[in-house]
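Chain IDs A, B, C, D, E and F follow the sequence of writing; residue 1 opens each chain.
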Amino acid sequence: MLIKIINPNTTASMTERIGECARAVAAAGTQISAVSPSMGPASIESHYDEALSVPGLLEEIERGEREGADGYVIACFGDPGLDAARELAGGPVVGIAEAAMHAATFLGRGFSVITTLGRTRGRARDLAAHYGMARFCRNVRACEVPVLELDEPGSGARELIVQECRLALLEDQSDVIVLGCAGMADLAAEISRTLGVPVVDGVAAATKTVESLVMMKLRTSAWHEFAPPPAKEYLGLLSEFAVS
Amino acid sequence: MLIKIINPNTTASMTERIGECARAVAAAGTQISAVSPSMGPASIESHYDEALSVPGLLEEIERGEREGADGYVIACFGDPGLDAARELAGGPVVGIAEAAMHAATFLGRGFSVITTLGRTRGRARDLAAHYGMARFCRNVRACEVPVLELDEPGSGARELIVQECRLALLEDQSDVIVLGCAGMADLAAEISRTLGVPVVDGVAAATKTVESLVMMKLRTSAWHEFAPPPAKEYLGLLSEFAVS
Amino acid sequence: MLIKIINPNTTASMTERIGECARAVAAAGTQISAVSPSMGPASIESHYDEALSVPGLLEEIERGEREGADGYVIACFGDPGLDAARELAGGPVVGIAEAAMHAATFLGRGFSVITTLGRTRGRARDLAAHYGMARFCRNVRACEVPVLELDEPGSGARELIVQECRLALLEDQSDVIVLGCAGMADLAAEISRTLGVPVVDGVAAATKTVESLVMMKLRTSAWHEFAPPPAKEYLGLLSEFAVS
Amino acid sequence: MLIKIINPNTTASMTERIGECARAVAAAGTQISAVSPSMGPASIESHYDEALSVPGLLEEIERGEREGADGYVIACFGDPGLDAARELAGGPVVGIAEAAMHAATFLGRGFSVITTLGRTRGRARDLAAHYGMARFCRNVRACEVPVLELDEPGSGARELIVQECRLALLEDQSDVIVLGCAGMADLAAEISRTLGVPVVDGVAAATKTVESLVMMKLRTSAWHEFAPPPAKEYLGLLSEFAVS
Amino acid sequence: MLIKIINPNTTASMTERIGECARAVAAAGTQISAVSPSMGPASIESHYDEALSVPGLLEEIERGEREGADGYVIACFGDPGLDAARELAGGPVVGIAEAAMHAATFLGRGFSVITTLGRTRGRARDLAAHYGMARFCRNVRACEVPVLELDEPGSGARELIVQECRLALLEDQSDVIVLGCAGMADLAAEISRTLGVPVVDGVAAATKTVESLVMMKLRTSAWHEFAPPPAKEYLGLLSEFAVS
Amino acid sequence: MLIKIINPNTTASMTERIGECARAVAAAGTQISAVSPSMGPASIESHYDEALSVPGLLEEIERGEREGADGYVIACFGDPGLDAARELAGGPVVGIAEAAMHAATFLGRGFSVITTLGRTRGRARDLAAHYGMARFCRNVRACEVPVLELDEPGSGARELIVQECRLALLEDQSDVIVLGCAGMADLAAEISRTLGVPVVDGVAAATKTVESLVMMKLRTSAWHEFAPPPAKEYLGLLSEFAVS
C-alpha cells in the first residue's frame, strides 16, 4: 500500500520530519511517500497562505493518481483543500486536524488544541465545528512560535508548548492534548511522557486512518458531491489545471 | 464609494450581468466595478473549481487595494476565499451566500436555497452551518442546470427553478427563497412576482451589505485573525503571491 | 424612502439622539422619522418594561402604515415586539440587536455585547441564540449604568464601557464589539477609534439593513406566519387594538 | 395552596374549561383560580394577539400577588409574558408549552405538537428551541381550526386533531403527542385512549409543575435577571403599570 | 398512589434519608417506598459502579411491578438504567438528574451542578446534553467529598458545597443550584436559605414529577422503543433476568 | 499486538463471524481474540438487554487485562458499557457504532444507519448525538429483522437491508451507509459492490481504530474521569465485581 503524505508548504526539512513520523507508525507493507508541492507558501500561518497552498496540493494529488497512490494525508492542521482533493483522488484523503480530533475523542472526555500563532485559532475552531467536534474541543491555545521556528534550538518552542498543555489540563478540564501543527509531530511522544496524558499528533493519526480505510477497501463516495469534477476550461496562470 | 465585485469565474458575460444586478440596487454615489480574474475556471461547480478560483480572486483583491476600492463582493455562492480576502482587504468583504442567507432571516421564518447542480448542495449546507444559519435553512434544492446554461434560451432553467421554489414553499415550510448562484441574479424579481414571496439574490444583498458597512465606516477587525498575512516566500507558479 | 425608527421607550431626548445616529448613515434620499410611543415605560431595563413597550410600538407601526413608511427599525436592544410588528407592517422591520449581531459577523470571528444593567444579559443571550448567533457571541458584559444615565456627564459611562470592551478583546477572544443599547449609539465611532477594532451600533446597522431591503424591494413574507393578524375583538383598555 | 391560572385571552367559556382541567389533576388542598384578563384579544392566533395579551396577563399577576397566590400558570401555548411574569411574581410561574414539552420528554423519545392554525407553528418551534427541546420536538402540525371553534359541535376539530396525531406517530417517528392549545385541554384523555400513546395537555402539566415547585418551596431566583423590575414611570394608556 | 424510590447503591442509611426527603414533599395520599437493591456497589462514583448498579435496579423495578407501584424514581444523579427501566415499568420512571435539571429551568436563567468527585463531572455534562439542558447547565463543580462521607460529621462537606455554590453564582453567572448527588438531598433547604437562591434536590424533584405524571394518568409510551423488551434467554450469573 | 473483541451477547456463532470480519482487516502481527461473555442476553434488542450485557462485558475486560490484551472492541452497535470499560482497561477501548460513524465521515457528506428492529433507532440516534455525529447521521432505518435471524437463509435480511440502503441514497441524501449491527458485518463488501457507495461495518472499523491507537501508543487518559474505579464493596449476586 502506498500512502502519499502531502505537506502543503514548500519547506523540505519539515516534509522530511513529517515522513519520519508517518513511517514510525505505518504497518509492515505500507509505503510512505512524503512530498511538498512545487508551488506555494513556505509555511502556512494565515487564511491567505492556506488558500494558496491548495493548487500545489491538488497538483500532487493528481500526480499521486498517476503514481498509484492508495490514499493521501494532507499534513497541515488547517486541512486545506480537503474537499477538492476528495473529488480528485480514487482512494481516501484525510486531513491531520480531522484525524487528530477524531482520535482524541476515543481517548478521553475533551481535548485542547495547542497551535502555533494565535491568529490560527479561528481556523481550528471552525474545523472542530465542521467535524462535529465542538463539544469535545474545549480550547485552542497558541504558543506564539512561528511554524518554521518550531524546531530551532533556541526557540523555546517545546517548553512553551508543554506550558500550554499543562494549562489545558488544569484550566480547560481537558484530558487529551491535540498538537495543532504538522511541525510539532515529533514532539508528541515526549510531551505525553512528561504530562502523563495522551498527546495526539495528526500526522500519525491521519496516516493510520488512511491505512485503515484502504485496508477496509473504503474510498470516498462518488455518489454526487465527491464525484470527479466536471470537465472545465481554466484560464491564465492556472490553465494547466483544466479538467478534461 | 467604489465597490469591487469579483465574479470568481472567468466567464465575462456572467460578470457583466452580475454588475448590472449590483448597479440596480446601489445607492447614488456608489460606483460598481465588476470583474473576473485573469486565471481560473470558466464556472464553479465542484470543490476543485472553487479552490482554484481563489488565487485569481486574491489577485483581484490585491489589485483592488491599489485601485482604491472601499469594499468587495465575492460573487459565487460558495463564498470562495472569503477569509483570505478579509486578511488582504482594507475594507469589508462579503460573500453572496453569506449576505443572502443573513438577509433571508430578516424576511421570514425559514428559507430554501435553490442551487444549480445537486453536487453543490453540500457546500451550501456547510456555509449555512458556518454562518449560524442552519436553523433557518430548511432545504437546499437543485435544478440540475449547469451554471453556464442558466441563461441559455432553451435550458428551461427558469421553469425548473420556479418549480423547485414552489416545492420549497409547500414541502419545506419555507417562506423565503434564496437563489443559490450568481448566475440567477437577474431572475429574483420575476420569480418573486410569480410566487408572491421574497426571493433573495445574493449579488444584490452582498452589494448592499458592503455599501452599508462602508457607510458606517466599519471594516474587518485586524485584531489577530484577520490582520494582514505575515511576510512569506512563495515558490514556483505562485511566486508572484509572495507577501513582503 | 421613509424609514420610521421607533424607540420603544418614551424618553424623547434619547429618541432624538437615535434619530441623529440613523441620519448620519442614511443614503441620500432616505428620510428618517424617529419617534417614541404615546404610552409605555420611560426606559427598558426588565422583561416587564420590554413587554409593556410593545403596545405603544405596535400603535406606531400601525400609524406608520398610514403615513407611508417603507420600513421600520425597533430601536431597543431587546428587539421587543419584532414578530408582531412584522405581521402589521407592509415593509421590512428590523431590530437593532438583530442587525448589530448580523453585521458583527461580517467583520470578525466573534463579538462581545456591552450592555447596561447585568439583569439584561439573559435577554441578549436569548436573542443571540434565536438569531443563530450563539457561536459568534462570546460574551455579554454589563457596565451597570442605567439606560437614562448613559449620557449624564458624571456617570462615567463611557469609561466603564471602554473598560468592558478592553476585557472583551483580552478575555473573550472577541475581535468585534457590539453596543447593547440604543442609548450608546453615539459612542460607537469614538470607542472604535480608541480601541482600533470595529464597534457596531445597532441603530445604524438596522437603519442600513432596512434601507437595503427596501432598495432591493424585499419585504416580510406573508406566506403563513407573518401574514396580517386575523380579525379579532379586543377588550378593555386595549380595545383600540382590535383588528378588523 | 392557591394556584392562579391565567388564560391570556378574554373568552370566559374557554377559561372555565381550563379551570376544570386543572382541578381534575390538582392535589387535595390545592385551590385553582382560573381567570381571564380585563383587557386584550378574544383569542391568540398571531404574534400581534400574543403581544397584546401580555398587559392584561401582567395585571392579573400583580392582582394575584395581592390575593396571595402561591404560583401561576400561563394558559396559552405561546407562553406569552412568561419572563415578565417571573419578575413580578413571588412564587413560580410556568407556561403550558414549557410544561407540556418538558413532561413529554419523560414519556418517550420524541413528540409532535398539534396546534390550531398553521401560522402559529413558528412560535411553537421557537419555544422548543428556547427550552432546549428542539431535539425532542419532531414536528409541529396544524389542524387549521381556529381557537374559538375547537369546541364547536360542527367544527370536526376532534377528528382533524386525531388525524394529525396518527400522522405524527407514523411519519414523524414521534411516540408522544403534545396538544398545542389550551382550548384542547379537555381532549387529551380521550385521544390518548384512541391512539394508545401518551397525550400531554399543557394546562394539566403546568398546574402540576407549579404545584410541585410550591410543595418543594422553590420559587424563581431573584439573583439578577428575575429580580423585581426597577421603579419606572409609564406614560399614556399604560400609566397604571408604572412600578414604584 | 405508590411511588417506589430506588437508590441504586446498597447503602441503607443513605436510602433511608432519601426516603425521608421524598416523603417531605409528597402529596397526601402518596405512599413512598425507598429501597436499595440486593446486589451492586456500596456507592456510585465511576462509570463502572454505575453500570453495575443497573441489574439490581432492574430487579427492583420488576419487583415493583408485582407490588403494584404506580411509578419509580431512580435516586442516583447518573440516572443509571433509566431507558431500560422504562421498558420494564408500567408507570412512569424518572431519574433525579433529569428531574432536577428540568425543574431548575423553571426557576432561573442557568444552573450549576455541585457534584461529589471531579471524575463524575463528565457524566453530569453528558446527561445535560442528552436532556437538552446544555444551554442551561453553565458548569458542573465538584466538592471532592466521596459519596459516603457526605454526612460524616467531620467531612466538612456542607461548607465545601456552599463554597462551590457561591462560586457558581459569582463566576458561572448561574442563578439556580442543582445538587448533584442523592446523598445531598437533605441539604437543599438549608443551603437555599444561606444563599438566597433556589437549590434543587433531585430526589424531591423526581418524586413530584412522578407523582404529577401519575396524577395526569401519563405513562411511558409503548409505541416502539419503550415497549416491553422482547423475550430472550439469559445465560450464567444473570440467567434469572431472562424475559419470557 | 493482541486485540480482544467482545461480542456482548452470548451467541457463539455470531461471535465467530465477528472474529472473522476483524481478522480480514487486521494488519500482519495483530492477533484477534473474539469472545462472548459468560453471562447475559442471547442478543441485544432493547435497552434492557443492553444494560444486562454490561456485567459480562466488564468481566471480559478484566480478564483481558490479565491476558495481556493491548486494546478492546465492543462489538454491539449500542456500544454498551463503553465508559466503564475505559476505566478498567489499560489500552484503548472502541465501540463499533462509534468507530463506524467516525469512519463514515471520512468518506462522504452524510450517512444513514441501517439497523435491525425499529425499537433500536432511538439508541443509534442518541449515540450519533453523543459522538458529535448528529450533523452527519441523516437517518436511522430499520429492516425489522431480529438480530439472530440476520443470517438465517430464509429471512430475506440481505434484500431488506439493500432496499433500505437504496432509500437512504435517494431519500436521505446520504452518500455513505453504516451497518447498524455486528451481525451484519459480513455483508458490507457485497452491499458496497451492489450499490457503488462505501458501506461501513463497525467491527472492521473499530478493529482498525484500536490497532491504530495501539500502534501510536495512545491509551485512554487516566486524568480524572477514566482513571481506574475507586475501591468499593459489591453486594449479592455481583459481589465478585468488587474493586479492591
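Rule of thumb we're sticking to: a residue touches a chain if its C-beta (ideal position, glycine included) is under 8 Å from a C-beta of that chain, and two chains touch if they have at least 3 such contacts.
Quick caveat: nothing in here was measured; it's all calculated off a predicted structure.
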Pair exhibiting more inter-chain C-beta contacts, E-F or D-F: E-F
Intercentroid distance (Cα basis), chain F paired with chain A, Å: 28
Distance between the centres, which are taken as Cα means, of chain F and chain B, whole angstrom: 44
Interchain centroid distance [CA atoms averaged], chain B/chain E, Å: 52
For chain D, residues contacting two or more additional chains: 109, 121-122, 129, 135, 224-226
Graph class of chain-chain contacts, one of line, ring, star, complete, other: other
Touching chain combinations (by label order): A-B, A-C, A-E, A-F, B-C, B-D, B-F, C-D, C-E, D-E, D-F, E-F
Residues on chain B engaged by chain F in the complex (per definition of touch): 121-122, 129
Interfacial residue positions of chain C with respect to chain D in the complex: 10, 37-43, 45-52, 54-56, 58, 81, 83-84, 86-88, 117-123, 126, 129-130, 146, 224-227, 229-230, 232-239, 241, 243
Chain F contact footprint on chain D (complex, rising order): 109, 135, 173
Chain F-facing residues of chain A, complex: 25, 27-29, 92, 94, 98, 102-103, 105-109, 131-136, 169, 175-176, 189, 192, 196-198, 200-201, 204-205, 208-209, 211-213, 215-226
